[in-house]
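Each of the next two complexes has chain A plus one other chain: chain B in the first, chain C in the second.
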Partner chain A sequence: MSDAHVENVTYKTSPRMKNAAIAMIVIGAITFLWQYFQEAGELRAFANVLVSHFYLLTLALGGAFWIALQYVAGAGWSVVVRRIPEAMTKALPITIVTTIVVVLGMSYLYSWSLPRHPSEAAHEEGGAATEGGSSPLMVSPVYSAPAHKSEAHEKTGSAEGEESADELRAADEILDSKSWWLSKNFFYVRMVLYLLIWIGLANLLVKNSRKQDMDKNVSHTKANLKVSSIFLPLFGLSFSAASVDFIMSVEPHWFSTIFGVYCFAGLFVSSLAMITMITILLKRRGYLTFVNEEHFQDLGKLMFGMSTFWAYIWFSQFMLIWYSNMPEEVGYYEVRFNGEYRFLFFLNVGVNWVLPFFALLPRPNKRNMNIMFATSAVILVGHWLDLYLMVFPAYYSAPVFGWTEIGIFLGAIGMFVLATFTYLGKANLVPSGDPYLQESLHHHQ
Partner chain B sequence: MSAHYSPLRVKLVEGNKSLGQITDEICRPMNRLPSKSWWLAFLVAFSALMMGIGAITYQVLVGIGTWGLNTSVGWAFDITNFVFWIGIGHAGTLISAILFLFRQKWRTSINRSAEAMTLFAVMCAGLFPLIHMGRPWLAFWVGPYPNTRGSLWPNPRSPLLWDVFAISTYFLVSAGFWYVGLIPDLATIRDKSTSKIKKFIFGVLSLGWNGSNRIWSRYETVYMLLAGLATPLVLSVHSIVSMDFATSVIPGWHTTIFPPYFVAGAVFSGFGMVLTLMIIARKVLNLHEYITTTHIERMCKIALLTGSMVGLAYGTEFFIAWYSGSIYERFTFLNRAFGPFAWAYWIMVSCNVITPQLFWFKKLRTNVKWVFIISIFINIGMWFERFVIIVTSLHRDYLPSNWTGYVPTKIEVMTLIGVFGLFFTLFLIFCRVLPMISIGEVKSVVSYANTRNKEH
Partner chain C sequence: MSQTYVVAYFEHEDDILGATRKSRESGHTIVDVFTPYAVHGMDEAMGLRFSRMTWVCFIFGMLGALGAVFGQMYITMVDWPAVIGGKPLNSLPAYIPITFECAVLFGGLGSIVVLFARSKLFPFKKPDFLLPSVTNDKFALVLKADSATITAKDLQPFFADFGATHIEERLEDTLTVAEGAPGSGPVHQTETTHH
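Now for the complex of A and B:
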């Protein structure tokens, strides 16, 4: 067999796609503002931004994780699709913006960021707070019911609501005992740190890979192997911590040690679905002709495996908390499993695992672009639902869903598409200098 | 096979071997009398086994009151050993199933013996619940079948019963997988052997293998299916073992990260043991060209990965214990690190988290002596991990008047040594009677990355 040659091709950005993406961003921004200025609508606006923020973050960071994983594992087959995860990392800078919005909405999203003691409250809110914490029941609020919380949030306009919320917070020994971690300033420091690590190392990986297109030098692969080895442990630490910061702390009394792993499983499978989807989109437009069903079968196998891994982690967390039934933890599932979210709770497993499991099990399905595209789309919708179920039950005792959710999510997707396809329009679609390229081009099962 | 190897790929078998040479070299230990060093090792292992049999007989006769347990520490040495041995088994299945699905061709030199190790380790593990039953002859009571014992039906809500099913499934599938992989090699030995008895035995065992195209193709399909079926088992077995603890409400035991954390730990400990065994085996049986430093280096990388995962899990547990705000959680973890069992905790941390970090250095990964030493540390550390989790969570419970310590009795220590004896006895016998390396599979990778000179 002779070496196959691939021509240097870049993606021609179609103005229609660009305009559509910009339109989506505008819709997202308008929806956010519209929701924000509704009466007592701020919480819902910010909660949607939080979901979209983490959604974008997992996709973009998932791209960087994928690249690093392939370098460290010395994988050959995946080289032909590497430009796509590289493009996905270009959405990381967007998360700076979304992080800022989340920080602006902190007082709505994170009850731990509110002043808890009357003196503090008096200091910050101009003396509106009352004495609280006299009730013996309030000494150790192991888990405050979301219904109560959302009431407190929704009534922010009335004096009554403020009082009851303040009372709850005033006696919160648990939050006091961890105020070192859950404090505004340290939170900001961590955000900056995470973004620096992620964006810095992801850019380095992409830069080396791009340079290799020009000089075909193996040294870039070796350099990226080093960068990847540094990235992976840092990613493990920072992403675990970030999932606690962004998502777990929306219910600041609840805790689960597996939470970081759970978020990681979602990150892996959803970014894989996004890589597959973009590959198919490009292929349908006549690009990436050398990506064939062999590559799709491998992507499909991994998606199948990681979707099952997600289900395994989902089950581990749910089953252990349900089985032990401890008041410190079980409230989390009380709302989701026994409350109004029950249907969505089961739907979540259906779209993130049951459906992909059966869709991806037969070999011909993994080699079929249409089925792969549809399954990826299901997983990507499922990932949104998964995040929705992590965030919204903290604020609302029953699901809220409407144009706000759709609009803000569209805005996030618009930003993602714009960033990703702009990069694909600039870079050669195949890493033509990669020493593993021939293996990837001649890949078969 | 694709003939396109990246220039970065390395050969998997050294020494430009011919296919016949591979068969001869791998079968050689089976065709000659055992060496002195083999006899010495066997003698030591067998003596330990005999001592263990004595200790177990004594426990069964006298009762498990011979253990060092007390009312606060109701589970200690026995369950520690059980979890330790179950964990050891995981590397075999990971190598044979998961690495197969990931097309890691370097697995071919080590999968056979790693799988054998898995089977022996699971056998060792299975002994401990049997002993703990007190009346091992009634062990069949754990089986759910219609009986005359009234309400004495195994409780399906108990993770201990899940263990029974998880581990027996694991054992059966691993044994089946191992045997299926052996069949072509058994046929090779049948064809090569000159003695009639040997020919007969291997003839029966190889199930009429004739090496035709059709047989090979069926074989490969079965092997792939079994790999797919064995893959979830790698995760399920230790997940369910972890649930023995995590479904409880004991601080230090009940934590949601246990299933994946136990699996990572199991793979880590399994690779520790595989490294120990392989380094000895390649030296004693002169298999340097099959189990090369490349193989050892890659196993070290997996140990580094899983060891770091375990480290992240330790950190997460500690952090969340603090973050939970629960005084009991916080106490349990502080007590682990600074209480009376702090020595065990720090052995665990230094062996499992700090030591494998040495594998970041290529110089150490490729230095067989260092790898051997580190692998011993991993074995020790992973035993202590289970000891720390089990004993430190129990010995100081909610009522300070109940606080106790725990010291194993001589009988318990003798049982552990005896089970090590069983493990090594079985492994040494395995090295003598079956090909330690998968002949058929190694032949399929001998050309790997070997043809590139012709390409360019």
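Now for the complex of A and C:
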């Protein structure tokens, strides 16, 4: 394989794909607005945005994590596919928009953000979207499964009921003890901080890599090694905190100390699936001819490993809570494991682990593009289901699924595709100046 | 009459890979390839079929997992029923960690035992050396001289392209020379496993 073969190939953005992506974004926006203006439909609209937001975030951030990981590990084999995770990081700026929408829907999504003490309530009078005391979210002082608090969503509570709920909320000691972290202003500060760290460092990694295409200078690899070494610990801390902020705090009384790792496992496996999927899509259109089954086998191995890692963490979280059976923890699984979500709960393990495990176990399957593509697709759908199961049982005692879920998710995918493929249309499809390029081209198992 | 073999020695990984590939394409019978370490792509160059060790590992792992599940069910439900933490006697989630560990243990140990048995490796086995250097810095390719035309001399130009340092003929009974020297045996490419 000659060098000339791999240089100066850029993806030609097809107008059809671009139009399809824009159409998906429009569908997503319309679905959101339609759902928002439905009778008592705001919560479902925002809950879907939260799921889609975190989905996008995990894919985009997973791209940055992958790049940093390869630099720190000194990995050579993955250079040929590196432009794809680089392109995925270009979806990070989109999460600024989705974060803003999540913040706008805070009073629906996060019960901890509601005024709890009468003095606070007076202070925040006229604040965004809370509509006084008749907010869709009620907070009970100790954790109670949504099955019991579902009446609160129906807005049928009598005046007495609301009074007592307010009193309970004011006396909520668990939320008092967490208020130093779960306070609105600190939340805003953290959001800005996360996005600055992620977008700043990811852009730096991509910028250095792009510069290397031009001057073929090894110094960019060395610089990126340093950036990656700074990024990885910051990523570990900020992503753990972000998963607590965005997802775990929808049920502020519940906690799981492994939650950040659990979200990270989902991030890693889903971003790997997305990298694999885009690589195969490009290869089918005649690009990336130098990516062969050796590279797919390594991607498959990692996907297999990370899917199993996800299952390991999923089970660790479940088993410790199931075994200790403490009321403040076990309510989370009461609604998922024993409630209406039981089927989805098991389906989640099926699509995120059992199926990928057996699909990717044999060597020939990892070297087969069709099987890799199908497995990646299953994992990507499974990742949505995983996030759905983290968020929705907090608001609904039984699963809700319909055009709203599909439409808003399509919108998120549309934004992701637009950002990713626009970047792929601008850059060489291979980092042609990377010192490891030849090693990657001749990669062998 | 014993079989004659042609042994060619090489200095570099790429050379022996190329020589092996060309030998196979030219229809020579490759007996074995000796390298100091596992050379990537050698299985393919030699035309070896894919190792069946993965199935051994899978089957042993499954045996371990099933054994652990049913073993624990027997212990906690039949042999010595005890209510722990108010849980039902048959509490599957509690079995998972041990099931997982047993699957890994059985898969690992089973693979090693079968690998050793298939490679005829056992404790106190005397090492067989084709040439001591194949465990150090030399790469050796052994071909079967199955017709009169294939002799070391005829193959000289054939291997010269790949920088063969030395080519010799050996009779079957002198192919492996027992050496008293300590150290690990040659890497048999036929026994490398891939995951």
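Following the convention adopted for this analysis, the second predicted complex is superposed on the first by the 405 of 445 C-alpha atoms of A that agree within 3 Å, B and C clash if a C-alpha of one lies under 4 Å from a C-alpha of the other, contacts with A are read in each partner's own complex, and residues count from 1 in each chain.
To be clear about the criterion, a contact is a pair of C-beta atoms (placed from the backbone, for glycine too) under 8 Å apart; a residue touches a chain by one contact, two chains touch by 3 or more.
Note that the structure is predicted; figures quoted are calculated from it, not measured.
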{"item": "Chain C versus chain B on the shared chain A, clash or fit after superposition", "value": "clash"}
{"item": "Residues of chain A touched, compared between chain B and chain C (which is higher)", "value": "B"}
{"item": "First (chain B), second (chain C), both or neither touched by A:P362", "value": "second"}
{"item": "First (chain B), second (chain C), both or neither touched by A:R284", "value": "neither"}
{"item": "Chain B versus chain C as contact partner of A:H444, first or second or both or neither", "value": "both"}
{"item": "Touching partner for A:G260 - first (chain B), second (chain C), both, neither", "value": "first"}
{"item": "First (chain B), second (chain C), both or neither touched by A:Y323", "value": "both"}
{"item": "On chain A, positions contacted by chain B and by chain C", "value": "301, 319, 323, 444"}
{"item": "Chain B to chain A touching residues, read off their complex", "value": "2-8, 101, 232, 235, 239, 243, 246-249, 254-260, 308-309, 312-313, 315-317, 320, 322-326, 360"}
{"item": "Partner chain C, residues of chain A touching it in the complex", "value": "301, 315, 318-319, 322-323, 325, 361-364, 444-445"}
{"item": "Chain B contact footprint on chain A (complex, rising order)", "value": "1, 3, 74, 76, 173-175, 177-178, 181, 218, 221, 229, 233, 236-237, 240, 244, 253, 255-261, 301, 308, 312-313, 316-317, 319-321, 323-324, 326, 328, 435-436, 438-439, 441-444"}
{"item": "Chain C to chain A touching residues, read off their complex", "value": "40-41, 50, 54, 58, 85-87, 93-94, 96-97, 194-195"}
